[in-house]
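Chain naming follows the written order as A, B and C, and within any one chain the residues start at number 1.
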């Protein structure tokens, strides 16, 4: 059992108007662990993700992260430059819409290699080789390295966005509804790819989704959100098979049986 | 010999150098800050000038704020002293300052330029003023001004290499040939204005002071004398300047930047030095028997 | 009776379901369950359907949350209390100590049967090649034809899926193994293989708990029987 969590959230609140958003959220995330935050629209899950990744500052509470060089640190104490560096190297953020997370006007290779160039890699041939490997890992034909993402299908764009985020070997990846914009068959493929990557790379991840099947497939643990609060948390299989909270029971019973 | 022009009659309906004294002071403060932080873009209150944006208002304002009665001004446009713009700007300063003007680089104390650095090396004590259309090297990558300022503050320049990477991916080499981005003093990324990359090495460690003014964008920046200016590249695609197989048709130079001139509908071409002063000087030396005329050889 | 290492200690275990969406109806399924199980045991859960046999197994895996009582499991030299344990602890137990063969294989699309079976070994740190080799050997024993190993089990028959499930459960040699109707869809030959696997597991000192619909299998493997009665106090009958 890991002694030290990778990320610790304590009594965190972030609201837009004092009411809407997320309130009083606490959880720990351990290395290599996937946590799903499930909830319906308006439950506050996207706000939670945004606040935990410090893209917006929490109104109250704290978020602690185990940085590589400074140990377990309160993110509020990090200067802006450090936080930006952290989010570009040790973290990834995968957006629901791939277009929001990619540079659509440059090639797939440039998209993947950008974070490496940002940390100082200056060998073109090497950058290209690494980018090509990542394309293959994401099951995209390596011959498309110089193509722009506009010419990719939605599923390919999303896989490209993921590759772009993983190239610096982050330890923590935030994902906001990574499959919501995709067709069902494409979703299955992407989820499976994510599942493998998480295991192979030892990634920790926080995945926001409204789809319980995504939680079942990807997550060790799940938080259930409603009206801005976490109503239940536990092992994913326990949440889905033995839901305790009335809202969770309602959510689980609403899944159409296949 | 290059032409030393007759002093133009100063029109004293205008304040010396056209700008009022407060504006000059504001600009000088901005320029001091720019010199103190090499390559950093300093905002300034760009004034309405008697010519539209895109015609060198930034460069003119910089020159206007630093020029004094004892200065000697040279103005070039694409390397030439005798294009319409160069003539007009030179005449403008003549009218509002009465200072002497020249076509000779060694004789000038201030050289205002659009899109070239003279071939003749500059000396300590000289000032080059560059006309800049877009000062922000990251603008193509990031449209937001607040974001690009943050990127400069944090030296987040990886995105610029994305552009170079993309060039190599699409064209096999870095295709940018002018306004080639540089890092100044190992810190700030800068656009050297649309000078050909051929001229970038002239910025590195130059004894002259380089000042850059963008009127529409309202920014000035500077490279102080003897400052390191390094052009961006990759380890396996190092920075290279342009080369020609031809030499100048008029003076035979193999060292200067050549313009390609098409002479007729059949596509007959001629290559001549872009820097007219440099070319004329060499021709004069050849006539006087000083240097061999390689073109004639 | 030879002395053996106790592996599981359950005291006063109760599981009550509260169905909030049915007016808060409360459903007691387990009540005051007590038993012990040791290394080398195969404890069979018996009783009519609806008496909570599956529920008990799920509580032992942390899949259901016990509402009262205690479940202690030996992990290495420590005893771990599962009721109320933090999630990381349960995850660690599942990885290292407690294996579970569910009644139906949960099919993940696109993952080959071989990798489904190899996965518990990979999670324990065994390298890919060795894990796959051991998975292949086990699938072979269970008569799953080699041509199926590279395919995802979604299209397999019920019996084939169940054999993949069994292989996955037995492969990592967890000290405790929970079996929920492992032979339900199997023919006589494959039932025999499962009986052999259970016997070998017992001989290796593993502690098994199982629900067996089939009387023949039950009789062949059981060392203890736990009779569950509808939400009444249960007793453990010792055989031999």
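Criterion: contacts are C-beta pairs under 8 Å (C-beta built on N, C-alpha and C of every residue); 3 or more make two chains touch, one makes a residue touch a chain.
Just so you know, these numbers come straight off a predicted model, no measurement behind them.
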Mutual neighbours - chains that touch chain A and chain B alike: none
Closest chain to global C-alpha mean, per-chain Cα centroids: A
Centre-to-centre distance between chain B and chain A (centres being mean Cα positions), rounded to whole Å: 47
Centre-of-Cα separation between chain C and chain A, whole angstrom: 33
Cα-centroid distance, chain B relative to chain C, in whole angstrom: 79
Residues of chain B whose C-beta touches two or more other chains: none
Partner chain C, residues of chain A touching it in the complex: 1-2, 30, 33, 188-189, 192, 195, 199, 217, 220-221, 234-235, 237-238, 241-242, 244-246, 249-250, 253
Residue ranges of chain B in contact with chain A within the complex: 141, 153-154, 156-159, 161-163, 165-166, 168-170, 233-237
Chain A - residues contacting chain B, complex: 80-81, 84-85, 103, 106-107, 109-110, 113-120, 122-125, 127-128, 145-146
Residue ranges of chain C in contact with chain A within the complex: 17-21, 58, 62-65, 87-92, 108-111, 122-123
